[in-house]
């Protein structure tokens, strides 16, 4: 199941963590289970004392080992998180009697859709394509932890938005590319939004949202 | 790895949980993962809609599937619980140490600041003032002993947060009012929190965005 | 005039949603023909809206103006659009196409959201032990809070700043009707030129002309005035059809 990169055992020949006989995927599993929240890939590589490239291989192997099991890995560009598999949703729901309100509403879904299918959308992009001021929707999505703000590397005053691991978990998908009709809709949304960069509207300073 | 008892699929041929294709061991894994505590076998059998005898078989199969992985099953007469494997103990310790040795960062400091200047802030207050979901930050601050949860005297289901005495000592102050610009900043937070009572979010089910 | 399509006026979040609903109700694709077709209903809606969210008014009127431009062009093929106007038309088409995709995407998300939630690991009562950090001190706390509060102030102040005086279609209708009553013959160019820039926040000159044109179209439709264009590039002449009657509008 787990091929060459994992054949080396984590901590092998070192005292690092007690020369334990855990393969990198097993080590990943333990850490993610214990953390109970998304963990940065960078940090994982450090903890496992492996390169980022080896970590990627370990992630692939770990994910493969999760097939037909009760757990699944959510993979964003920076973090991974262990969650219950989407197929287990009905079952796990029984653990908690009361369920959180989960209706996002039309405006919330549209705003989430722009950010989901056009990674790194700005407030200007969202307003431009929806034709309305989206600050209230963006704020609610932030409050619910479904999106997060990231600094634009080229312009620090501009915020770009991205889906969180929590959002993917609520959508029951493991990564953005698993979104329904991903390639097609991303192309439709993105091509148009991108060309709008110059015309981008919204006189609202992004930092304020 | 997984033998006959698991070959039957949980919920097969029934509408019980959406006829999802989870084997009993996989279903066990998801439930135990999400529960985070020991779960009674009786209850598990009910949830999976299988007999106690079938559950025992599923447990055996699940346990076998955990060999050489990062998790382990703790099996008592009445309950079972999923934990990290003993071999991962050092690694998990390392995770917690690195977690506790980290800087609080922007999110952590902001969350702690709201609680410091607004004693007895709720999760909703914190989220509202910061404009983002603060659950991860609150969790970290609790874990690091910087804040503690107190019961709201008027509403027992609502948690209110306050700085611990250790946190005050670390900040070098005897009481909260000794914080820099206390009166001014406390007034500032309060003004925002006051207006947010109706709209307060987080643990309250939100109707729509 | 009743709307041809059942549109609930209070459900509109914005002008693009309205325009797209009107197009989709007619099972059309986003193109000049479709946009020309929905112009009347769109304008009708804008006029029928009594309470407008102030900050969306500019967007509604702006898009109404572009739609009227498209319709005008279809009625008067010789109407030459300026570069800026063509850009507005293209921009509107691109936005509508993109928004159509966004709505499809939103429908897809709505279909799966919350249906198969992947639950997080259960909260284990953690071992709490005191672990402060290097970046934690009293001044850093004060600074963090001041930053948060400053950001909140900005958010809360913003809406007021967006309120701008607007030219309304009704105002233009009134003005045009009065001019028609006092002067039997009036050139469209004269009228549009006499329209003083009401600082709309949009490009007032263009908006003035278009709104005038719209008002003219409306009056023509109601039979209150007759409009003639004698040569392709010439002025549109406006005259009263029934001098004795008071035009009915609005």
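Letters A, B and C mark the chains in the order given here, with residues in each chain numbered from 1 onward.
In this section, contacts are C-beta pairs under 8 Å (C-beta built on N, C-alpha and C of every residue); 3 or more make two chains touch, one makes a residue touch a chain.
The shown structure was predicted, so the numbers you read here are calculated from the model rather than taken from an experiment.
Centrality annotation: A (chain centre taken as mean Cα position, compared with the mean over all protein Cα atoms). In terms of the distance between Cα centroids, subunit B is separated most widely from C.
Computed centre separation for the pair subunit B/subunit C is 46 angstrom, with centres defined by C-alpha atoms.
Separation between the centroids of subunit A and subunit C, computed from CA atoms only, is 35 Å. Separating the centre of subunit A from that of subunit B, both taken as means of CA atoms, is a distance of 18 Å. Counting partner chains per residue, subunit C shows two or more touched chains at residues 119-124, 151, 155. Among the residues of subunit B, those touching two or more other chains are numbered 30, 33-36, 96, 131.
Those residues of subunit C that touch subunit A in the shared complex are 13-17, 55-56, 59, 63, 91, 94-95, 97-124, 151, 154-155, 158, 161-162. Taken in their complex, subunit C has these residues touching subunit B: 119-124, 126-142, 144-149, 151-152, 155. Of all residues in subunit B, only 30, 33-37, 96, 100-106, 108-110, 112-114, 116-117, 129-131, 142-146, 164, 166-167, 170-173, 178-181, 185, 188-189, 192 touch subunit C in the complex they form. Against subunit C, the residues of subunit A that register as touching in their complex are 33, 35-37, 72, 74, 81-89, 92-93, 102-104, 106-107, 109-110, 112-114, 116-117, 128-133, 135, 139, 168-173, 179-181, 185, 188-189, 191-193, 195-196, 199, 203-205, 207-209. Per the touch definition, subunit A reaches subunit B in the complex via residues 10, 17-18, 20-23, 25-31, 33-37, 43, 46-47, 65, 68-71, 82, 84-85, 87-88, 90-92, 94-95, 100-109, 111, 136-137, 139-145, 148-149, 166, 209.
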